[in-house]
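Each of the next two complexes has chain A plus one other chain: chain B in the first, chain C in the second.
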Partner chain A sequence: MTVIFGVFLLTLLVITAVAIVRTQNLFVAVMLLGIFSLLIAANFFIIDAADVALTEAAVGAGISTVLFLGALALTYEHERVVTKHRALSVAVVVCATLVVLYATFDKPTFGDPNAPVHQHVAPWYLENEPKFIDIPNVVTAILGSFRGYDTLGEVFVVFTAGIGVLFLLSARPGTGGARRPDNSKSSGIGLQHDLIPRIVGRSLIPFILLFGLYVQFHGEYGPGGGFQAGALIAAAFILYALVEGEQRTLEVLPKNALIALTSAGALLYGGVGLAGILLGSEFLDYSVLATNPVTGQQMGIILIEAGVGMTVTGVLLLIFHAFAARDQV
Partner chain B sequence: MQFLGIFYYWVFAILLMIGFYAVVAKINLVKKLIGLSIFQSAVFLLYLTMGKVTGGTAPIYQDDVVGQLFSNPLPQVLILTAIVVGISTTALGLGIVVRIKEEYGSIEELDIQEIDQR
Partner chain C sequence: MDPGLLRIILDTISWILLTAGGFFVLVGGIGALRMPNLYTRMHAASVTDTMGAVLVLGGVMVQAGLSLATIKLAAILMFLLITSPTSSYALAHAALLAGIKPDAGSAADREVHE
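== the complex of A and B ==
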């Protein structure tokens, strides 16, 4: 049964990808990319990656689509087709495909428990996680504690990307592309005249927020954690902005609050790491946060997951507002 | 299961190359970023495929079950963070595309090169 599902979903995935590349309408391509994300999330779920599937569904199918549409609104929808170097490109791609396909024959068998990837640190993590950290979700434990350095780095990459988008889109350029004046009529209308999307959207928002908080605080016990929750909460606010207009969203959650939230999240993560040093151990060692090392680890993970959630929510919303606040040239 | 394994790897290869084609052959910058997203998703699929163990489940301990077989959690952790980093970098790319549109009036690579050579 799994085989049939897997083959079906993978085939759909390839068809969608081909359609994305072939279509000349960028709006269609972006919509198909949302479908592509949802399909690949289902695939991730089949191969046991519940946490990743949740992230991909929230980020890929939700927020990424909105950001691409925001960019399209500021540019245009129809791509020009140029056939100049197509034969050369196809030749290069076909050669590369053959090389990659040849390489797949050397890969370990799918699902083989003796594959090299299952021999290194992963069994140690699985075996010792109940002893050191003792939370049911091993993915969250590795993300927060065993691999805390990696996650700290990723959070700062997200943070830096957010700052980069603000730099690019908040500046007032010399020629054209001015920021929209605050009192302009076009800002803040949203979908207020479309009754059904407005009512449905508004009634969905509290549930999305609630689910986001559940995913945040239940991440130790089931699939979830700061990254997924951040994306979900950001999605709720983006939905509010789409329904009620950007201006009203900024009244609920002003830009300064978002910047504070983003920085506070990153600082909370770094701060928990420093607390480890101050209490006499190493950076990002949570064992010393409480008298019982296992409780300390759990406290540390909850704190850093909160930091991750805050930063991801803040950055995604800042990026959204940066695109939404810009006027088309 | 054997067939599905080969199928997963081949779909990875094909998706990777579809994304690669969009990056090298298309001149529209938004389309290139879309291609890059597909390329990235293909890599995610490869990592997670390698982490799967036959008969395993998602790596979450349950109270009343002993001797559970789990798929490898490590690739999942790497990819989970990579997805969120991916959307942030894509957003940065889109920001650059929007600025290019404002300065050059076009997001087609050929137009931009032409304007630059003037």
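== the complex of A and C ==
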């Protein structure tokens, strides 16, 4: 049954991907990208990767669609058609496809228990996780503790990306670039003239925030964690910005507070790591944070997940505001 | 009542609900493809959001019985019943503001595109 659903979803995925490449209307492409993310999230879900599915649905289908639309508002709706070097790019794509297809012959079959991925470190994690960390969601244990360095790296990648986008978009627009003329009249108003979406949007925001906090702090027990929660909380504020206008959102959560939140999250993660050294163990070893090593591990995971959530929320909202404020620069 | 018989009755009810829901989703999909202009297409697609979602989720709820899953499904249903009419409304309103006329057949959409 899983195989049938998987083949169905992957077929739809290929159709969507081809449609994204073929369409020249960027607005349509953005909508199709949202569908693409939702399909891949459903696919992750049927192969039991609930944590990844949640991340993909929240970030891919949710936030990035909004960010793409924000970017589209600053530029033109249609793609500029490029006809040069067509044959070369087709040849490169065909070669790459053939190589990938050839590589799939060596892959283990779907669900094969003897596949290398199930034989390497995964059995060790599953066997020893109850002894060292003892939380129900092994994914969170691996992400937060066993592979804490990787997650630290991811947080700093998000942090750096946020800084990069801010640098690019905070520059004053020059006179030479191709900018869409006269769309400044629509900015900063929100939906204040539009009663129904405004009321419904406003009444949904508390529930989205609550769900975000649930995903943040329930990550030890079920699917979830800092990345997903950060995206959800950022989505609540973006919804507020859409219905009430960007200016009022900045009054609730000013830009300086967002920058502080972003840095504080990354610092919290690094600080928990350094605390491990100061208490006499190694970087990102949480066992020494409490007298009982297992409690220490759990404390460490909760703290670094909070750091991840803060940084992701901050960066996503900073990028959103950078796009939204671009008109007024 | 005999638990086996009850199970069969519940399965039949949920089967009817799921099939009917699937039918409405299919009708919504065909309508979204075949209707002449934006507003009629939206009208067809909104069948998926309302009748389709209610019937499919109802069928799944009957399958789940009295459990936490049913409460979660009911919450999802509430959420869908509030948000999808709102998004349909927002879309129609935006289309109206963009100047697409509701009563001009398929010509109205083309006018705006060109």
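To be clear about the criterion, the second predicted complex is superposed on the first by the 312 of 329 C-alpha atoms of A that agree within 3 Å, B and C clash if a C-alpha of one lies under 4 Å from a C-alpha of the other, contacts with A are read in each partner's own complex, and residues count from 1 in each chain.
As a convention for this text, a residue touches a chain if its C-beta (ideal position, glycine included) is under 8 Å from a C-beta of that chain, and two chains touch if they have at least 3 such contacts.
On a predicted model such as this, the values are computed, not experimentally measured, just so you know.
Asks: Looking at the overlay, what does A:L10 touch: chain B (first), chain C (second), both, or neither?
Replies: Touch status of A:L10: first partner only.
Asks: Please work out whether A:P197 is in contact with chain B alone, chain C alone, both, or neither, and reply first, second, both or neither.
Replies: In the superposition, A:P197 contacts chain C only.
Asks: Would you mind checking which one, chain B or chain C, touches more residues on chain A?
Replies: If we count touched residues of chain A for both partners, the winner is B.
Asks: Scan A:L210 for contacts with chain B and chain C and give back first, second, both or neither.
Replies: Touch status of A:L210: no partner.
Asks: Would you tell me which residues of chain C are touching chain A in their complex?
Replies: On the chain C side, the touching residues are 82-83, 86, 89-90, 93.
Asks: State the interface residues of chain A toward chain C in the complex, per the touch definition above.
Replies: Going by the criterion above, the answer is residues 194, 196-197, 200-201, 204.
Asks: Mind pulling up the chain B residues that touch chain A in the complex?
Replies: 1-22, 24-28, 30-31, 33-35, 37-38, 41, 44-45, 48-63, 69-92, 94-99, 101-103, 105, 107-108, 110
Asks: Quick check on the complex: what are the chain A residues that touch chain B?
Replies: Touching chain B: residues 2-3, 6-7, 10, 13-14, 17-18, 20-21, 26, 29-30, 33, 36-37, 40, 43-44, 47-52, 55-56, 59-60, 63-64, 67-68, 70-72, 74-76, 79-80, 82, 85-86, 89-90, 92-93, 96-97, 100-101, 104, 107-113, 115, 117-118, 121-122, 125-126, 129-130, 136-139, 142-143, 147, 150-151, 154, 157-158, 161-162, 164-165, 168-169, 173, 175-177, 221-223, 225, 227, 230-231, 312, 315-316, 319, 322-323, 326, 329 of chain A.
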